[in-house]
Amino acid sequence: MAQSPATLAAYSSYEFMRVTSPAPHVAHVEINRAPKLNAFSQAVWLEFGRVFRQISLDADLRAVVLSGAGDRAFTAGLDLGAASASLGGGGGGGGGDGGEVLDPARKAKALRAHIEEFQGCISEMERCEKPVICVLHGISLGLAIDISCCADIRIAASNARMAVKEVDIGLAADIGTLARLPKIVGSTSWVKDVCLTARDFSAHEALQAGFVSHVLQDKAGAVQKAVEIAVLLAEKSPVAVQGTKELLNYGRENSTAATLRYTSVWNSVALQTADVPAALQGTMAKKRPSFAKL
Amino acid sequence: MAQSPATLAAYSSYEFMRVTSPAPHVAHVEINRAPKLNAFSQAVWLEFGRVFRQISLDADLRAVVLSGAGDRAFTAGLDLGAASASLGGGGGGGGGDGGEVLDPARKAKALRAHIEEFQGCISEMERCEKPVICVLHGISLGLAIDISCCADIRIAASNARMAVKEVDIGLAADIGTLARLPKIVGSTSWVKDVCLTARDFSAHEALQAGFVSHVLQDKAGAVQKAVEIAVLLAEKSPVAVQGTKELLNYGRENSTAATLRYTSVWNSVALQTADVPAALQGTMAKKRPSFAKL
Amino acid sequence: MAQSPATLAAYSSYEFMRVTSPAPHVAHVEINRAPKLNAFSQAVWLEFGRVFRQISLDADLRAVVLSGAGDRAFTAGLDLGAASASLGGGGGGGGGDGGEVLDPARKAKALRAHIEEFQGCISEMERCEKPVICVLHGISLGLAIDISCCADIRIAASNARMAVKEVDIGLAADIGTLARLPKIVGSTSWVKDVCLTARDFSAHEALQAGFVSHVLQDKAGAVQKAVEIAVLLAEKSPVAVQGTKELLNYGRENSTAATLRYTSVWNSVALQTADVPAALQGTMAKKRPSFAKL
Amino acid sequence: MAQSPATLAAYSSYEFMRVTSPAPHVAHVEINRAPKLNAFSQAVWLEFGRVFRQISLDADLRAVVLSGAGDRAFTAGLDLGAASASLGGGGGGGGGDGGEVLDPARKAKALRAHIEEFQGCISEMERCEKPVICVLHGISLGLAIDISCCADIRIAASNARMAVKEVDIGLAADIGTLARLPKIVGSTSWVKDVCLTARDFSAHEALQAGFVSHVLQDKAGAVQKAVEIAVLLAEKSPVAVQGTKELLNYGRENSTAATLRYTSVWNSVALQTADVPAALQGTMAKKRPSFAKL
Amino acid sequence: MAQSPATLAAYSSYEFMRVTSPAPHVAHVEINRAPKLNAFSQAVWLEFGRVFRQISLDADLRAVVLSGAGDRAFTAGLDLGAASASLGGGGGGGGGDGGEVLDPARKAKALRAHIEEFQGCISEMERCEKPVICVLHGISLGLAIDISCCADIRIAASNARMAVKEVDIGLAADIGTLARLPKIVGSTSWVKDVCLTARDFSAHEALQAGFVSHVLQDKAGAVQKAVEIAVLLAEKSPVAVQGTKELLNYGRENSTAATLRYTSVWNSVALQTADVPAALQGTMAKKRPSFAKL
Amino acid sequence: MAQSPATLAAYSSYEFMRVTSPAPHVAHVEINRAPKLNAFSQAVWLEFGRVFRQISLDADLRAVVLSGAGDRAFTAGLDLGAASASLGGGGGGGGGDGGEVLDPARKAKALRAHIEEFQGCISEMERCEKPVICVLHGISLGLAIDISCCADIRIAASNARMAVKEVDIGLAADIGTLARLPKIVGSTSWVKDVCLTARDFSAHEALQAGFVSHVLQDKAGAVQKAVEIAVLLAEKSPVAVQGTKELLNYGRENSTAATLRYTSVWNSVALQTADVPAALQGTMAKKRPSFAKL
């Protein structure tokens, strides 16, 4: 694994996303801008959104691994050079695209549109119907945390250097960390500590806090672990796996009563799948069943 | 303790639920189908719902311990033989109860009704106004997790073998695990890991994840610990204990502001109980107060 | 630090709150009733609410540390003597303020008003727009937990003796613990254990459960750690820090989608601050930027 | 129609509910206690809940009409004689079932259980999966409004004398009017006027306010109109009709975004029904299609 | 009635609020700044909040009528002269209170605080536990609508000239109209029409839309009608009336299921009032019962 | 007006959407498929979504009118021929796009994706930041209602023949009517009547029910009225108008408290616009102000 399988044909047009398939039904997406420590300009995040929309619809794929390309960084976060160019100069912000001076309300509209486009692209990974396992390794700052919060399972290499860095450049993180982190780890005291101080935290601390669920020695080991989990998921009924992802995501945002009701409606058709008898027969016959595309 | 007190008289009619009283005001419910590893057919879950409705209304009882009968299993989960018989054969589902062929929408109605009845029975344990301490021991698969998610406090024996097993038979767990587990443990990464992979996890891992709050050496020790906690609760004001359970359950599902308001309304009458002066006098006199039934 | 700086002039009128400034832009609030183990009468909680309202509006302050005065207690909780005097005698409750006998519905109105005033004062610390770091030390019972749940970051001294004690005096905690605790730690099993049993838990257990995020040797060390964090926060952009607090609090209570939307509206003006270019320049020039008041 | 068809066989065991079938797939439920102006004792509301549970599951029925028996009243509401007997005497409330004196917190538990049982029985009509058309005629006071708020469509005879009467006997309506009325009519000013003053309002005023959607001359005319609508509904696809009821009820309680999502999941199986091609063919062939039971 | 009773003693200190008592237990609040068409400066809205807080706690009062002083206006809305003075000059906003130039994020904090204080004062009328009947007469623009949306029952004189006027001065109404109006009338098409166009609407149109529930010939007639309703409410059980207001307000904001639950908890103590037997006896004896203060 | 202005240049590429500009800053969108009674195939709804996304971002436009092309129909709804072709044959549904037979769970995934794409395109009109005035005229069935529910203001020609027609072809309306209609008109009894029976309702009935807010003689008059309102809106501050739309939409879906908070954050930047002083000066100088693009 990780011995460089070729880019998947259907995904060859991306400039900043490299998509390979280390195993049947498994995709490995790499943020592919190693010379810039995989930092995100607008072009990168637009591709990021696009690749996860494509994977979500791709009936050949059942599980996804995400990592950064190269050994140094998962991602160093926002490409500050590109960002300050696009936001323009002027009094602490911007949003104008021409020569005219905009009043703060008009700048606000442009900024809102900008943030929502950016949020929307990153959220595509959460909306992707296939489970995503994210490998945090090396430099994993700022946007790295926003992105990884959209994954289903997080794994860290022991060299991962993580921080919710945004406060240090004068802003509150707005691409998802503050919305999602309190929902995906247990200790609010820890969440506020790392978000308010912008301090680094290690893979070990992330494991203690429940932010990641496995820590491996190095990036190679972490990617290998991620692919193993992905392979395990890809061998199971995609109706069951994708339904489980959907219902867990729903349950995180809704009351128990609402989730139970939604679950019964969801399973009123999901249980009509051919995968249930196939899985039962496979269990009894002790051989791995095969499941149709989804 | 646990040296086999007799079944409580008022609960002698159950076939699959054995209810004893190891201490005053304490009930011990055992899933009582050891030859089948305490697996659940429809008859079992109907009794399960019924016994917790009865306990909720039973003014003599103040705390409940739940375990499986026998040493091998808390429960092996759904009785697959019984389940596939009741769901009938055919193309991946069913729901028809006669000879006619139902279209998928009509099958869906039957499946929805089936799931909701099942969910409703298991949820009775959560709705029970008395606190419930659940002991996970031995085989604790699938439905075992759905059930234990409805308890207030979870304790594991070190031999507990737990798994959210449903994905392996082709379905998303629909009796409560996916609705409740993200709300009762902190790490979503861990929740998705165990729910998507269906892998086993140990008592120790469950403790780390916060799923259980105590691990004991073996089933006997775990039951003893559970009974000790139950005794402790049964000696306190039932107005205070049952109010605390209600408000914590409410707080889990509602905003902080809504919960504070609900709390003030709730306590506007609860504070008028005779238990407050009795408890205060008991504290000052350093003797255990006694409280009226509730 | 903690070498007794003088009370801040603007805060010299409080009887039970001592407010000093151990560092620029940092306030240290001490519950200042050591002879009574910092127990809360109504006069104390009214001042508590007032001091945090004042701090929230004080543009000179950017971070707050809260502790108890003296070495013995953070707070022993409600001053039971004062409370039973104010609630009057009679059959388990009260609420009347005169000689007449009130029916339970009329008593309930008075109790509701009483609880809501009390809740409102304690909640002022949560509403305070500056981050609050709470140091739990020594006796930290009952109301101590309600209060600390309103802080952003919790730190414990290893001698802290904590308990959700209310059940032992016949009531369900109603000043915030039951509303907030399930939202700020991960394990519901642990939350219910400590809330239903009213048992003591140690600093170490609190760290394991995620209730606190740091444990220090003794009160002095814990206060020093708290002040260090406060200093770190006070040196950063107050637009960024206060925005981060606001968005995390919002995210805890709202869905991910709602929080993302709220974030984009919030940052549509926050990004227009002069702090962003100042922070960026500071980063590049490797010197600490200075930020205007907020 | 309404010329006294015989009681439906499967519903012959009810004492206070008369169920006839004026047309295929249509049930007419009459509150059958005319000598008491159809007032509700506990026995009546228990039967009311039971009959609607039975109808909900009865695959032969597709639409329901509800009225009172006799010409004088839909229902005069709660049977006050029976109610005060069951609540016992004493200081404004009760809840005790024996000789002992309960403190207010213990009485509250009994009252809560009592209200919830009562609410639960009336709510069964709302939960009934078949549409219910309620005819308000003659005396329609107090509980009459709680009940009719659970119907899908309300029709009034011009002699209907309606009032939210509860305030006049010293209590806030607790069986559903205050929960549902603000959601089913548009003008809060009107809702508060009739709920706070307990004044009578006429069929015409109810039509203006949107509480009813048709007014007919007399009871016979109103029942006939209700049966005509019921017949119209009973001739349509039950998958479509019951799905429409479910989605409208869901939409009333949930955000637009949540309802759109729920709708897509619901229809992902409902659209697989044989009723869609049957309805389309019927439309093209201009003959009424027939649909399988549901 | 309305023939100028003297100001209630306890309310004599207000400058802009005149409070008289046209009948026992009834207060009539007049916005008392006729020379300025009852326009609101900050001093006026601070008093407005204060007077309704006082009334809410005043056990002698059971119902409230609100009108403007004089014949020309209920209120002309915000006092634009005072407002532009307080917001200062500069680029379309402000918030600074000194000479320094604030960046948009810092101005935003001041504006947010300003809006929230203003909203909070107006919302006190909605929070007031006694029912409020608002009389709209003459000029009733802008803030007039925000205020009247907080009343329980709205009555208009036929000369009322109403408009959601804010758009015409370049802003979206922010003191409550946009938050409340869609919840208190039925037709969103009408709401958006009047809010987006800022056009005038008449008393008759307001009645058609359900915004008011009664229209009277002139101000005197409208005030008389309001007082008659207030008298009617003041003669009823205050436990029942105030409970009905609370539960209707709760029901407007929460799901049906949540409201039913809240209702059962609320009434579990409210039903223990002495007012229920008193009201029942009064009904049987056909004489008006008297109720204790609340 | 309506005398056929030319298509706006930037919108000339649409096949089924004709976009003209009857007045400055005003767009008139016509569903342009008159020979098919403006029925919607997938190509039409994709364009519908696209045109409203474009308008939302178009800083030259401030208000939009929507109508059907030609005199016969606003729209006859879904193009059933195209729909049944795309859904394929077989047992009441489909979703497969190839030769293979899909099980119901796999068909469900395709159907879900199909419904969500369709919903998403229609919802673009609701998301459009500029106010939309919809003219219902002639045949306005099924999808016509889903679409018009997304408009801000609805106007009907007296010849409009409206119906929520979906039940008659065997399905529950899933493109928005059932999600939105209960939120935009007051009477649930009326909503359920028209949705369950699929009966026609007239312009007059729609006005009574609050579904439309104006009825005009014929299509030309209705379009003229719509354009007049649009012109009125286009002359006002776009910051104020678009903010008002946003806050009303937010208020419809959220609690009053949440909306007040959101409003204060929104206006904390909106009030910094140059439009406020411009509007105030315009008011004082009695000349129409001009506002910058938004």
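Every chain is named by a letter (A, B, C, D, E and F) in the order it is written, and numbering of its residues begins at 1.
The rule we apply is simple: a contact is a pair of C-beta atoms (placed from the backbone, for glycine too) under 8 Å apart; a residue touches a chain by one contact, two chains touch by 3 or more.
Every value quoted in this text rests on a predicted model; they were computed, and no experiment measured them.
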item	value
Chain pair showing more contacts of the two, C-F and B-C	B-C
Residue-number overlap at the chain E/chain F interface, same or different (half cut)	different
Selected from C-F, E-F or C-E, interface repeating D-F by over half of its contact pairs	E-F
Distance from the mean Cα position of chain F to that of chain A, given in whole angstrom	34
Between chain D and chain A, distance of the C-alpha-averaged centres to the nearest whole Å	48
Contacts with two or more other chains, residues of chain F listed in rising order	91-93, 103-105, 107-109, 183, 185-187, 209-210, 239, 252, 257, 265-266, 268-275
Of chain F, residues touching chain D in the complex	80, 84, 87, 91-93, 104, 107-109, 111-112, 115-116, 119, 123, 166-174, 176, 178-183, 185-193, 195-199, 209-210, 252-253
Residues of chain C touching chain F in the complex	262, 265-266, 268-269, 272
Touching residues on chain D, where the partner in the complex is chain B	57, 100, 102-106, 108-109, 113, 239, 269-275, 292-294
In the complex with chain D, residue positions of chain E that touch it	131, 152-154, 183-187, 209-214, 229, 232-233, 236-237, 239-241, 243-248, 251-252, 255-257, 259-261, 263-280, 283
